[in-house]
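Next come two complexes, and both contain chain A; in the first it sits with chain B, in the second with chain C.
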Partner chain A sequence: MSGNLQVLLLDDEPIVGRRLKPALAKIGCEVDVFEDPELALAKMAQKEYDVVVTDIRMDQIDGMQVLEFVRERWPRSKVIMITGYAMMSLAREAMEKGAFDFIAKPFKPDDLRRVIAKAAHALGSDIDFEAVEVEKANG
Partner chain B sequence: MSLIIVSADDFKQGDEISQKVAGALGYRYLGRDLLHYVATENHVSEDELARALDEAPGLLTRRARRQRLLGLIEAACLNVLLDDNVVCFGLATHMYVRAVSHALKVRIINEPEQRAAALAEAGGLSVDKARKQVLRQTKEERRWSEEVYNLDQTDASLYDMVISLGTLELDKAVEIISDTVGYRKFQPMTYSRKLMQDKALAAGVRLKLMEQFPDIRVEANDGTVVVFIQSLKKDQRKKQELVRQIAGELPGVRHVEVHIIRDLVGQAAQSSR
Partner chain C sequence: MVESPVQGNGQPIPEMAPQATEEAEVQGRLGLARDAEQARRALLNRPRFSVRLQIFLGNALAFLIAIAIAIALVASFHRMESKIRFLEIVNDYVMEVEQARRFEKNFFLYGTNLSDAQDNVFKAENILSRNAEELADIMGTGWREQMLPNLHRYQKLLEKLGQQPQGEQALSKQERLRVQSQVRAQGQQMVSAALGLLSKEKAALTEVLTRSRQLLFYSVGLLLLCMALNAYLLGSRMLSSIGRFGQYANRIASGDFTPLTPTRRYRDEFTELALAINSMIEELEKREAVLVQSHKMRAVGTLTAGVAHELNNPMNNITLTAHMLQEDYANLGDEERLEMIGDVVGEASRAKKIISNLLDFARESGSQLEPLDLPELLRETIALASNQIKLSGIKIDFQTSGNLPRVHGDSQQLRQVFLNLILNAIDASSKGGHIHVLVLPADEPNYLAVKVMDSGSGIPAHILPSIFDPFFTTKGKGKGTGLGLSVSQGIVAKHGGRIMVSSQEGQGATFTVVLPVTTIPAELGAKQ
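This part shows the complex of A and B:
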């Protein structure tokens, strides 16, 4: 992997993308935000992202279908599932289908940043999460 | 890696399988030894802790005392389970980690006839007496879980896997459990780790509050603690303040919400005076 971590963020609630994009940019991610799963899938058909963050419950196409698509098209990509309807069966299904991690909403931007840093590490590229923490503490 | 929570209708077999699984995987084994630690830390008797886990409440059982003893075990157990790679047996853990996805819940069963035969041989009993004892143990076990956790622990739907030693050898059971826990679905994830942290926090808060409020329910979510407590209307404010004060001082607690459940029995008793 070279350059910044390429992240696709898919959530049908616009506030999620608006809130998380700048938070992820702070740890050196280049983030493409989508609210429409079909547009996101069309983009992913052409571009390999390092990390895909997807909501699960969406109209028409759900996050599990997105996960299956990414696992098949880009097996190297790490998929992180986020949901406001977390339960054991769904979490296990996501992991079984190859999700990198599963996070219940609501969560703090730091929670996602930590998981992204773990995904970057698994891809062989470390993010200096501590440096971001220090920068935050210094204002 | 994951957690393995074992429950068995025969203590000795469940214990042996759990220890062998822990050995095979290089996991920590968490069993009844924990009771010694809990007893020492809290100045209670180890025998009393074991009885709270094994015996169904009788007519003379002090419910609040029993709840507190089980609360001590639960809090200590959950603190250990915050780490991964643990095989846990004999601490009723399957009753309070049901929703945790990285905990593989296993029930070991055996044919009543085989249990009776083993019991007869070990205890020098007649097979007929041993049969009756096995039947009594099964009833007791069911009654214990229903009275304490409102669940029947012999219900297969509480577990990810039920293994019958009537069909499989003990070592085969060890092999199956060790293989199954390797499935991706049992791996820890941010969601399940957080759930475990929330459970540990709730158990700790409940334990502290039980010193003053024996009948209490506590839930936790990321440092926010929600306490459900019974109260008469006239005591409501005082109790809420006390709960907030006690719980608010505990490590890991950032915010406390107190929900009052009307004490209808107490209310009726008071209005009839």
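This part shows the complex of A and C:
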């Protein structure tokens, strides 16, 4: 494992970032949390993340635009979309546009960890997802 | 209409149907029934003057006039007949008398006998006495004194002349000449009296003839006039009533369900029609209430998708927080735990708020008229549709000119109208589109206008006239009932307003709802 997995998390709900940042840190991810898509895009223009997790529906710029931006700027990055359950067609569209996977709200922290572990595996840098499971079992 | 929550499915849901709403509904329905009952009483509480009676009276009058004409004609024919008969009698009499005078002349000239003349006088007297009745008819009972003395005198003179012996006892020449001239004078007078009578009666006959001709003309004219007047009164009564009912039909079609009230001082067959229409109005109103309610439930269904989606956010926040709290409980400090529990509580109440708007709207309630703050109502409606708006990625902005008067209306129903327009605008807009909602004074005084403008593709001109028709829809099968705008139009019409649409293809559509403001007494307005 060459350093921590760089993750950008974009969701306009502040609580999502507050809870997921420590949750993902446990599986060895270094998470940058954004609520504002513009700021996130500005950041991504400079920095390549391994995994980008973005909500599809946001006010100014939606997840699709973020996906398109990332696919163009950093083709290697894996993009995971967060969708509402009512927007399966949008999720399918995202997959066609090259999203790595999608996850429907409401989800558990482990659901996202599992998808991120899959993405890390695809990137060739496996993360020790089991470690958290063991820790949880012991705790 | 669902009668009441208790009667419905036996499961009273106190939160969904509080007592107050239920009472309002009952009052609303009672008010409706009271209006109908009042209208019924007012309609019936008038003296009856039926069309049937008018037809009967008109015909009876014409019939009476015709009878009177017939009687007058028969009477005048009778008079003419008796006058003609009289003329015949007098004519015969004159002929006899003239014949007698001819014999009298022959007697004087040629000395022929006088008995022929006496014969004729006798015949003349016979004619008179035979026709005593007819003569009395024309000349009155005094005819005898008028006619007979002359005749008798003449007869006596003739007798005197005829009995005169020839020879020495003969009257002196002078005496003879005296009697002779007396006879002549008497005969002359008799003839001229009879001729005078004849010509007088002829003139009278002519007059009777003229008068009866005039009578015929005038009475036929009167009859025609009376029939024309009757036809005019009857026709105008029927036509004006038919016209009035045509207007009622248009009014009802436009959604104004106030019962018909009396416009005339009497009642007739049209009153029965008005009563039937009133009960039809009652039935229509009930049905429309059902339609409005079912359409509202459709809108609720549409909103539910947005609400369900919007609920995902607090649900997700609660799920994530609860899981992390569970996972890290041992490692967290009190402050962090409290913060996380606070988040759960906050998100739970956010979830509640998301559904409570919809529940408020979905709640069944009766028609309740009150002064309404239209901008506030629009703000609430936009809040109700906000999930839908967010979901569609559409921007909505709301503008209002400050200090607007209130409108009188049913907040539930008007909210339904505006929601329908906003949901339509959302449907018409593509992602990133804009919807503008404006509340402003309308062009005409004492009206407010609500404009809902979308930036969609607009409505093609050829379907523009039919968009308010029931069951007209451009949406796919199973997506729209085509009743939204029709129901909205019904509701707005009931509020004394109207919905207008203007659209140009490619440039979006603007729906304008115009509603009357609560009326200020005219004097107050004038004084200011």
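As a convention for this text, the second predicted complex is superposed on the first by the 135 of 139 C-alpha atoms of A that agree within 3 Å, B and C clash if a C-alpha of one lies under 4 Å from a C-alpha of the other, contacts with A are read in each partner's own complex, and residues count from 1 in each chain.
Operating definition for what follows: a residue touches a chain if its C-beta (ideal position, glycine included) is under 8 Å from a C-beta of that chain, and two chains touch if they have at least 3 such contacts.
All values derive from a computational prediction rather than experimental measurement.
With the two structures aligned on chain A, chain B fits next to chain C without clashing. Within the superposed three-chain model, A:V16 lies in touch with chain C and out of touch with chain B [touch as defined at top]. The superposed model places chain B and chain C at 60 degrees from each other around the C-alpha centre of chain A, with the value given to the nearest 10. Of the two partner chains, chain B is the only one that A:M88 touches; chain C does not reach it.
In the superposed pair of complexes, A:F102 makes contact with chain B only, with no contact to chain C.
Of the two partners chain B and chain C, it is C that touches the larger number of chain A residues.
Once chain A of one complex is fitted onto chain A of the other, the partner contacts of A:H121 are absent, as it touches neither chain B nor chain C.
When both complexes are overlaid on chain A, the residue A:K47 reaches neither chain B nor chain C. When both complexes are overlaid on chain A, the residue A:R73 reaches neither chain B nor chain C.
When the two structures are aligned on their common chain, the gap between the nearest CA atoms of chain B and chain C comes to 6 Å.
Common to the chain B-facing and chain C-facing surfaces of chain A are residues 86-87, 107. Taken in their complex, chain B has these residues touching chain A: 99-101, 183-187, 189-192, 194. Residues 13, 15-16, 18-20, 22-23, 57, 59, 62, 84-87, 105-110, 136, 139 of chain A touch chain C in their complex. If you check the complex, the residues on chain A that touch chain B are 86-88, 91-93, 95-96, 98-99, 101-104, 107, 111, 114-115. By the touch rule above, chain C contacts chain A in their complex via residues 305, 308-309, 312-313, 315-321, 323-324, 327-328, 330-331, 343, 347, 390-391, 393.
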